[in-house]
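Think of it as A, B and C in the order they're written, each chain with its own count starting at 1.
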Amino acid sequence: MKWVALMVVAATALGLAVVLGPAHVPWSELPRSDIVRSLRLPRAILAFLVGGALGLSGASLQALVRNPLADPYLLGLSGGAGLGAVLAIATHLAGPWALPLAAFAGALLAMALVYRLGLVGGGGGQLDPRVLILAGVAVGAFASAITTAIVSLAEATALRNAFLWLWGGLSGASWDAVLVACVYFPVPVVVLLAAARPLDALALGEEPARHLGTDVEPLKRRVYLAASLLTAAAVAVSGVIGFVGLVVPHAMRALWGHRHRPLLPAAFLGGGTLLTLSDTLARTAVAPRELPVGIVTALVGVPVFALLLRKWTAS
Amino acid sequence: MRLRAHRTHLAGLLALAVAACVRGGRAPEARGISVTDDAGRRVALAAPARRVVSLSPAVTELLFALGAGDQVVGRTTWCDYPPAARAVPSVGDGLNPNVEAVAARHPDLVVLYQSQLNETAARQLERIGLAAAVVRQDRLEDVGRAAQLLGALTGRRAAGDSLAREIERLARGPALQPPPMARVAIVVWDSPPMVIGAGSYLDELTRLAGAANVFHDLASASASVSLETIAARHPDVIVVLADTGSALPGFASRPEWQVIPAVRARRFAVLAGSLFGRPSPRAAEAVAELRRSLEAVR
Amino acid sequence: MDRELSPLLDVRGVSYRYPGTTTEALSDVSLAVRGGRLTALLGPNGSGKTTLVRVALGLLAPRAGVSEILGRPAAGWARRELARVVGVVTQQEENLFPQRVRETVTLGRYPHLSLWGRERPEDHAAVTRALERCDVLPLAHRWMWTLSGGEYQRVRLARALAQEPKLLVLDEPTASLDLRHEMELFELTRALVDRTGLAALVITHHVNLAARFADDVVLLSEGRLAARGTPADVLTRETVERVFAWPVAIEPFDGRPQMIPLRRGKETV
């Protein structure tokens, strides 16, 4: 059964992430090793949670904006997070959680701005998905421009460090971070999973969906907020890790079809697996050096995406 | 035909370069000064430079150390040593410089830090008739060579050669005995974790101070590594650079960094950014300071 | 007999203006749909037919007047509740993702399913019944994009039936269909009304088919009610010529009035 296979692959990915690494830890010492317990284990779990969040929000947003080529970062969140992070670096903000919190705040600001721009029509307004995409691209570009301006005025080292952070990395993983994720993620995840059936109806169009009993406006707002919150948290914790939110939903659709009840959980598991495997690769491919994981997901994701595109256009 | 002309041209340059190196130490020719900079470019001046714009903090420091501080008429915003340098007007950034701002200082020599972008800037400056010299400032040996080059260009050959000899003595001299805490990792960034490798000036200082950089096997100046790699190599001390104060770095309290015993035990050596951040004529002082910091760690 | 007395859908004197426009889309329009009867909503393009249905079902709030469904104001119905009572086949829908016939008809059961619950045996049975009634059961495993125009519309009708509604609303269901499929759809709708006591409201601009199949006709013109009643009452030469701005002749066929448009410059006897 497909689900069993997916669970097995996910478990294998987690296992590899714990067992493999640039530091050599012999088998016998694995359970007692400080490196495994304090670094690899929380990092593997966090990679799975972040990857899952990206996969799930990607699939949901593709349904929301009615575009199978949408990506969680289309809505300006990565631009906002990057700006927040770079501001934190440039102003030498103190504190161990300064960078993630600043990135999160930046992402939330971008989300609020895009939401406000996406509301069209009088009296509170309706969320128009096409306007959402355009607003997201505009806000993202604006934030990126400011980020680049700040970075170009900063010293050379700060410049490079800011870009390295933006490319994504799970080096900040700790049990604290895992705890925060476990407290923060469940609500948006549950909201999105519960929206599976309404999203099926929404695929027919807004009016037909209404006639099938879907409260379309509240649904759009819920899905937008939940998916954005998940993405904002993911970026805050691990920088901008691209392609997971775009490619994983498509790969899962090829296996599970378009019904969101199986698709959304599959996207979560698939995203988690992809990111965990990519992170393991990032840590071990050029050991002792480490690649930014965003590069690995792009290097793996782009060929997979090209293949899927060919199949999609051929059918 | 053209290739042969090129080769003749190159041979000519080479001869000039050799001659220039050999000529060091003697009085300047009546015909003017001609040297080859670190980018292989020929820099020719009719007379020693009277108005120099320095586009690199290391170069600014070097010029003042050579006694040519009065000849410096422009510096970058980042040039902060010696304190007298701050009185010199700033012309903006050193990397990808503002050519107009530089020209506004009416220099007869502009000195740039070697990089791709700056080689283009050097050509731009020459097009508007300003002599430009590109200097590499990445390692200890670069300081000595730059001292001689700048000494020749500013009419301070004697000071330049003397400084070069000092640096050579330091570099070739015996390393100090290892301090009690001899294994170090020099961490320059925390997210992602970045450490100094063999290609960096800091690695050289570490060796001279009698300590061992656990990441000496990395050829580059700096590299991003996993936390577990740092932990696995068991450094005794974590060395960090700071601009002000000697407070512990931000990552010292982060939970995932506690896997590294040196972090857990708070064995940090905090070094002043201005002294250690770039190759400088105060290298000997830097080595001594580094040694003192390492010995002070409990 | 009770159903004959109280209408399922009762729209009284509604007026509506789209925001940003100066003319009224609807002005003092009334409409009543009863169980076991097929009501046709006719009128030229832009006369306000789709707007009237949107106001009737509570999607738009009228400036004046009221719309009641089963005695309750339309605005007071939760969407899920309403979807269990009214099944709507809209003019157009998009299919963002490819679907099979059975899958799309199952969407019609959504108003009956709980948030997390799976489809139950009674849901599968309702879907099968709907497919049977619309004569598309043999197509159950086909992809939607492989169907002909007529089959496609019948599947959409089946989805509305799967909601097990009391009122069926069809908005221009035969717009792009050829003669055979058009007749089949109208016959199917008529049969459903007769056999199951469903109420049906069909928006169409096929005046003649409406006259043949409908029990009641509502004729709109420029947002106003032009006429209302049985086909014979409504489709008089004078009324039709006024509303459609074209000379016609009305001839009876099979007990129903049929409209025959005349050619310009020629009078017929």
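Everything that follows uses one rule, which is that a residue touches a chain if its C-beta (ideal position, glycine included) is under 8 Å from a C-beta of that chain, and two chains touch if they have at least 3 such contacts.
Please read all numbers here as calculations on a predicted model, not as lab measurements.
S.K.: From the Cα centroids, identify the chain that ends up most central relative to all protein Cα atoms.
M.R.: It is chain A that sits nearest the middle.
S.K.: Compute the centre of every chain as the mean of its C-alpha atoms, then state which one is farthest from the centre of chain C.
M.R.: Using the mean of the C-alpha atoms as each chain's centre, the farthest one from chain C is B.
S.K.: Calculate how many whole Å lie between the centre of chain A and the centre of chain B, each centre taken as the average of the chain's C-alpha atoms.
M.R.: Roughly 41 Å separates the two chain centres.
S.K.: So the centre of each chain is just the mean of its C-alpha atoms; given that, what is the distance between chain B and chain C in Å?
M.R.: 82
S.K.: With centres defined as the mean C-alpha position, give me the chain A-chain C separation in Å.
M.R.: Distance between chain centres: 44 Å.
S.K.: Quick check: what residues of chain B touch more than one other chain, meaning two or more?
M.R.: none
S.K.: Contact residues on chain B for chain A in the complex?
M.R.: 78, 95, 188-189, 191-194, 215, 217-218, 223-229, 231-232, 250-251, 253-256, 258-259
S.K.: Show which residues of chain C lie in contact with chain A when the two form their complex.
M.R.: Residues in contact with chain A: 19, 57, 59, 78-84, 86-88, 90, 92-99, 103, 107-108, 110-111, 113, 115-116, 163.
S.K.: Which residues of chain A touch chain C in the complex?
M.R.: Touch residues, chain A against chain C: 63, 66, 68, 121-122, 194, 197-198, 200-201, 203-205, 207-208, 210-215, 253, 258-259.
S.K.: So in the complex, which bits of chain A are touching chain B?
M.R.: 21-24, 34-35, 38-40, 42, 94-96, 98-99, 155-157, 161, 164-165, 169, 171-177, 283, 287-292
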